[in-house]
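Notes to accompany the following structure.
For reference, chains read A, B, C and D in written order, and residue numbers begin at 1 within each chain.
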Amino acid sequence: MHEFSDDRSELIDLEDRMDSMHEECGVFGVYNHPDAANLTYLGLYALQHRGQESSGIVASNGEKLSRHTGMGLVRSVFRNIEMMKSLEGPHAIGHVRYSTTGSSSPTNAQPFLIDFKAGQLAAAHNGNLVNTDALRSEMEADGSIFTSSTDTEVIMHLIARSKYPAMEAMILDALAHVKGSYSILFLSKDTLYIARDPWGVRPLVLGKLGDGGHCVASETCAFDLIGAEYVREVLPGEMIRIQGDRIDTFQIPRFEPVSNPAHCIFEFIYFSRPDSFIFGENVDKIRRKLGRQLAKESPVPGADFVMGVPDSATTAALGFAEESGLRYDIGLVRNHYVGRTFIQPQQDGREFGVRLKFNTVKGVLKGKKIVMVDDSIVRGTTMKKIIKLVRTAEPAEVHLRISSPPIICPCFYGIDMPRKTDLVAAGMSVKEIEEYLGVDSLGYLSVDGMLEATHMPKENFCQACFTGKYPIEI
Amino acid sequence: MHEFSDDRSELIDLEDRMDSMHEECGVFGVYNHPDAANLTYLGLYALQHRGQESSGIVASNGEKLSRHTGMGLVRSVFRNIEMMKSLEGPHAIGHVRYSTTGSSSPTNAQPFLIDFKAGQLAAAHNGNLVNTDALRSEMEADGSIFTSSTDTEVIMHLIARSKYPAMEAMILDALAHVKGSYSILFLSKDTLYIARDPWGVRPLVLGKLGDGGHCVASETCAFDLIGAEYVREVLPGEMIRIQGDRIDTFQIPRFEPVSNPAHCIFEFIYFSRPDSFIFGENVDKIRRKLGRQLAKESPVPGADFVMGVPDSATTAALGFAEESGLRYDIGLVRNHYVGRTFIQPQQDGREFGVRLKFNTVKGVLKGKKIVMVDDSIVRGTTMKKIIKLVRTAEPAEVHLRISSPPIICPCFYGIDMPRKTDLVAAGMSVKEIEEYLGVDSLGYLSVDGMLEATHMPKENFCQACFTGKYPIEI
Amino acid sequence: MHEFSDDRSELIDLEDRMDSMHEECGVFGVYNHPDAANLTYLGLYALQHRGQESSGIVASNGEKLSRHTGMGLVRSVFRNIEMMKSLEGPHAIGHVRYSTTGSSSPTNAQPFLIDFKAGQLAAAHNGNLVNTDALRSEMEADGSIFTSSTDTEVIMHLIARSKYPAMEAMILDALAHVKGSYSILFLSKDTLYIARDPWGVRPLVLGKLGDGGHCVASETCAFDLIGAEYVREVLPGEMIRIQGDRIDTFQIPRFEPVSNPAHCIFEFIYFSRPDSFIFGENVDKIRRKLGRQLAKESPVPGADFVMGVPDSATTAALGFAEESGLRYDIGLVRNHYVGRTFIQPQQDGREFGVRLKFNTVKGVLKGKKIVMVDDSIVRGTTMKKIIKLVRTAEPAEVHLRISSPPIICPCFYGIDMPRKTDLVAAGMSVKEIEEYLGVDSLGYLSVDGMLEATHMPKENFCQACFTGKYPIEI
Amino acid sequence: MHEFSDDRSELIDLEDRMDSMHEECGVFGVYNHPDAANLTYLGLYALQHRGQESSGIVASNGEKLSRHTGMGLVRSVFRNIEMMKSLEGPHAIGHVRYSTTGSSSPTNAQPFLIDFKAGQLAAAHNGNLVNTDALRSEMEADGSIFTSSTDTEVIMHLIARSKYPAMEAMILDALAHVKGSYSILFLSKDTLYIARDPWGVRPLVLGKLGDGGHCVASETCAFDLIGAEYVREVLPGEMIRIQGDRIDTFQIPRFEPVSNPAHCIFEFIYFSRPDSFIFGENVDKIRRKLGRQLAKESPVPGADFVMGVPDSATTAALGFAEESGLRYDIGLVRNHYVGRTFIQPQQDGREFGVRLKFNTVKGVLKGKKIVMVDDSIVRGTTMKKIIKLVRTAEPAEVHLRISSPPIICPCFYGIDMPRKTDLVAAGMSVKEIEEYLGVDSLGYLSVDGMLEATHMPKENFCQACFTGKYPIEI
């Protein structure tokens, strides 16, 4: 349920918007290609689903960094040739960002660009640190000033304060002091630094361009668009330095041992695009297995067909259908021209936000016993409206199946989720949610089933939002 | 394959854009509702797939008509409260428009609004007249001036020149002289006139709002969004006048007998939204039957699965899967944030337009024998690029199935299609197209099969683009 | 007191704005120059003081006319190279327009462009017809439709309805039927027609470009900007046709004799730029003589100095100073960055509009007996505020002198003025106005003095607004 | 010769623009008024002549500061009610800025806003520091990061690094370390701090609003617009703290004695608005005296009249006329709608930039021996074009008089001037400049004459640009 965002009009569906999770960011970088800024633009374009609030690019011509950022979609922020031409040089990094309403501000748009003792340095960060408040207070006490509310500025301060002489040592020194998730790119006038936290919470992949150029992205779908070749994942705890013809890798210093990665399982469940390859696997393949497992755990005997809530739950619904032997069908269509408007009818505004985006296919639903698959339930308010909408098409029964376990705890590693008290599953049993939503039955995937479905080591995933066990101390 | 349109940037995929058909228009009207302009805005919003080039609304407060039109999507043209507030009064009609590049111009944006002897009159027209050149020449010879290149202005001249005293008689008189397709709305200061050509080429449906209000739309999906109730189709050859509390119907005078309707079958195949109900049937249901019939006529034994070209061919693909017993799957994903950009990589621009919109799901396609369903092939250039893109995911075999017959003749009744010489099926045999596209096999639906699949009288459809038999003389 | 207009914000000083007169339009045309649209843009730029509400250009490449118009200043309407490039060809006409609030509408933007039996024709009109209501009713009764509320559309209908075969005859035939003021340009695909009403109410001058090109403008200041050479005035009642290498002149047919021209004296008093040469004279020179005559008729013995209300009354004030032997000084400065804003302080909004534009030079005014010269008083409300503002700088005495007679009747020939009841001099004696404005003395120029000051034949000027004697029957 | 700037189009007259001096900034602040942000908007509006590149406001509601800044004029940056509403609270500071092309960037827009150990603090600075490079290097070496290239960020760092506990002590501590010119406002959540460098280089005045509110501005013209009352100058070396009902003043610590103020004499000559009162004097009065002195030093016997280059030299020209007994006249008019465009004629682009802004009044100039007064000559290129333009009107003789001495050295205290090698008077004698410009004679004001004309102590002015003696070590 990615949402369309646009800088020109007010939101009607604010409540609906708050009722889904949001990835905080996507990052993309190019090193040594004549078309660096343009390729970065296109990479961000492909990663737009990871953040629609602000977009930005910093480029380097080897001497000087230039920057353009703004609120809105990539195509709104970079809307003419002149803007792109000012971003000159063979190296560039870019960023798309989603943020909570409170801290939505132009000064938080990334990449962040500073001048400091070692020259200019830009950073584009996906993730969330858990010890920035402490670090920030400490540095403020010591006389530092902050012009944004981003974690990135804290990292920049740490770099600038490092006593090491070389840039890579300064960055490693800084990263050794932060805790939390980061898939982060740094660009100096002539060097690209790529780093990923020791838990590998967010995805980060390395690619190859023709003629010796390199690229890096949150997801491989960005490589597909620009015709780049996937090379490998950036490893958890690894920092890669690309400088001229050399590629060197460094280990980010850790003061405590990290036994396992803690990949965000929600990247598979919902965030990443199905055509991406992350954490060493096809998103589509895992998402389908989640659907299959769900069918095993929570079958709906005698159902007429299986449908997904478009577009994000479609793949899981296909998996459910395959496993159960039920027919897959489309009972909800999504209007892709829309998603928001500043107009609403005076009566019946209540479910209008949902109706703007979805409509039922009445002939398909009428009188049928249906299995409806979605990927997750956060507050439950939007799902309640979707069920109500579906009921207007008069299906006989609606059985809701969720391809993830109940979300009972918030995320602190880079996903924007409501507080615990607003998570429907934190306060209600499955039975109670079933009743609240008005479905004939409700089935969630089990935590174990979910992890098994990945066919990857269970201990390699963060499952904090389902269990409250946080792999990185908060 | 509806395209996203936006007024802020240049098109990169012009060629791709030219390689699909475009509906010329969608219309929507409200009579007697305090929120008329806002409901019209929302109705147009739901009909946006029928035209993305320009949008407009005319409203009446009972005394005076006000108008706002512009180039671009509904949400771009009407982007603040002030614009909506100026459209005051309980009656309104609106229009969304696509047009060929040549005549794309602000002066052609509808609704058209005139002053004439009987006061103010606005018109919103979906369709295409075939005798306007003659009428226009005649009127110009007689001293008329034209400020646009639309058919609608011709109709307005005919109305103004009518010698009848009453408005409905003037309109009927005018419509008696035009030939072609029209689903047209007229709004005077206090009356709404709704008319449909004797062949009923384009859809037009009547609805009911709460509290005695009426509405009219190209498709029922617009009613669903605003919570209106479907009443019935406007009949071919019928004109409805809504004035105060009265609804009266008139027969549009015909000088030659019209034996059968000539509904545009492409409304079922591609144009209308699947959740709409038009020509007395669910679009989704017919589209699915077309897929079933296609599976009967052109099966692919031993295929691994069936997929559609998203989003328009999805339903037909589901029908094909059901009939054939094959699994339905998703091998292409569509990026709904995009569709256009002014940037493209310097190398490999050739297929870039297609890659902006689509990406393959490699794990699904690799090594598989696939059936790919699309609704139609126009020039064939875009399909060739899609096939090339699909091949990069290394399927074993690609069998293309089209849920309509080969298009060999252009449309003159309201669909924007290339000239005959640019229609791939007009110049090549199926075998040759198969080779040109690079597919392992290609199967079109037969004309008879297509018509049978509708379970409606065959003679009630226009099939000119497949057969060259034009039901309305051109 | 020309006002700055801008399309982006609301007006705060609406009342002030209504308290001055507005010229309805300025026109400019180029024939046979490779840079026609660009030169027209610049010509309109120089004529911007004649109309700030909408701007437009039509160009011809010899085959086809293209048009771009919009609401706002020239630089807002034509704000990028692409817009200019679409206006291709060696011939172009352009228009700037002011209009009363009521009829401010994009559909009224000029040049007006039509298709009719003789092809395409565009028109740009400065002036106002007095018999259009009758003509319009007549034509509507005969079946014509109108898409705007401009006089120009009426003229276009007359041309299209003419039975003459040649374009120049059609235009002459049309002009023979209209009554009122017009300085009008017509452009067909290959010919420029220039016409001026038999009374020569509005100015219109002919110029020469290098390399055989021709140009035409409302005022010569437009020639100065583009480096064109002034040739002569277009004569009252003359139509000039420029076609290829030929220039031909025609007499516009008149059904009643016209004994004298009726040049608008307000063009000298206020509208035209002081650096222009119109009606065969320097505007600056006449304006200065008006000031001299005012000093003779209405001296202020013992005054310390003379100042003008900037910028329009500066020249008359200089004339007054010269004649009276008094010092000229600057006691009011004008802020040229401003003129409008959507913000105003919550208290004291009353005089804020005036303070936005003007500020006093306190040291100059304090304790002095001053003569303040302005060009005219319409409603008197703005002048009252200016006087109040000037009083805050504590001058000893304020003697107001107006370089035109009291305005007691509205204009019907192209100047936007309030109704008679809103003209302060129509309802009050000079003594009463003196009191109302709060000045120590008030002196207007006499009608005779004004006419004598021009040193041109008195009977050659329209003086209707001062005397109520309308030279063209209304 | 203030220039109009607008964010929508490219500059045609870049060269001309570079040939004048630019004030770097204007500041305005309000403390304790319900309408604080709106009044600040209007204050900036009145100070727009001091900077047209970027504008910004920070407001405080007592708890939290909010900020809006952007590139462009005040009315462009704040163009709707919503933008103003977000700036809530009774305290606000604002800034308009001009900058050299190189460092023109959104991140340099002021007011600058930071978070640091003592909370939020915003700053708006007019002036230029001469020791920031050293301070910046020092702080960077110590681990600080910089996100802009402004002096203000350096001051903010100094404040944050201060070891004093109270905000006013931190600010005083910071200011003690900087050298150069500053008229600067700081706003914390509940306190306004106003400081001016020990030399009082730039003006800064204190005002009073009704109901106990306070305001501060670069020039008094801003008070006049909003109806505030002038209280007094902020003294050189003074810091004023306004907090709740208290106003306290502090002395900024100085490590070296400052014997005299060093007011920028160019504020009188050119920058400030004539209706402002700064440095304890009316700008208009001083400017007029400069003209009188010029007439004494450099008379033009037998001249027909005196004219100024509009608008900035008008007052000096009046003074020249008074002293010499010559008539004042207007031979050049300025088009205030314009100043820039992206179009220029293909031929004769050379002087086009000047012709866009000026036109001659031919009747006034022809055959006359004229005295033309301007305030200063920087590069001389624009003046050369103006003379050439004036010559086209065929005056008999043109005698140029400049109401300031030859500029031979650049300014380091807040005025943007070209390098020494580009200053025409640094490389040529008066005789040579006379010849270069093509005037019959050229006369500059003497340094002594200029200083005497102020009737203020000579040693209180900075005259570095005329003499190279810099009062603040650089």
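One rule holds in what follows: contacts are C-beta pairs under 8 Å (C-beta built on N, C-alpha and C of every residue); 3 or more make two chains touch, one makes a residue touch a chain.
All values reported here derive from a predicted model rather than from experimental measurement.
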Graph separation of chain A and chain C (steps between touching chains): 2
Chain A and chain B, separation of their C-alpha mean positions in angstrom: 36
Cα-centroid distance, chain A relative to chain D, in whole angstrom: 48
In chain C, residues with contacts to at least two other chains: none
Graph class of chain-chain contacts, one of line, ring, star, complete, other: ring
Every chain pair meeting the contact rule: A-B, A-D, B-C, C-D
Complex interface listing, chain C residues touching chain D: 2, 4, 6, 8-9, 34-35, 38-39, 41-42, 45-46, 48-49, 52, 73, 75-76, 78-81, 84, 210, 221, 224-227, 273-275, 277, 282, 284-285, 311, 314-315, 318, 321-322, 327-330, 333, 335-338, 340-348, 355-356, 359-364
Complex interface listing, chain C residues touching chain B: 67, 107, 112-117, 140-141, 143-147, 149, 153, 156-157, 160-162
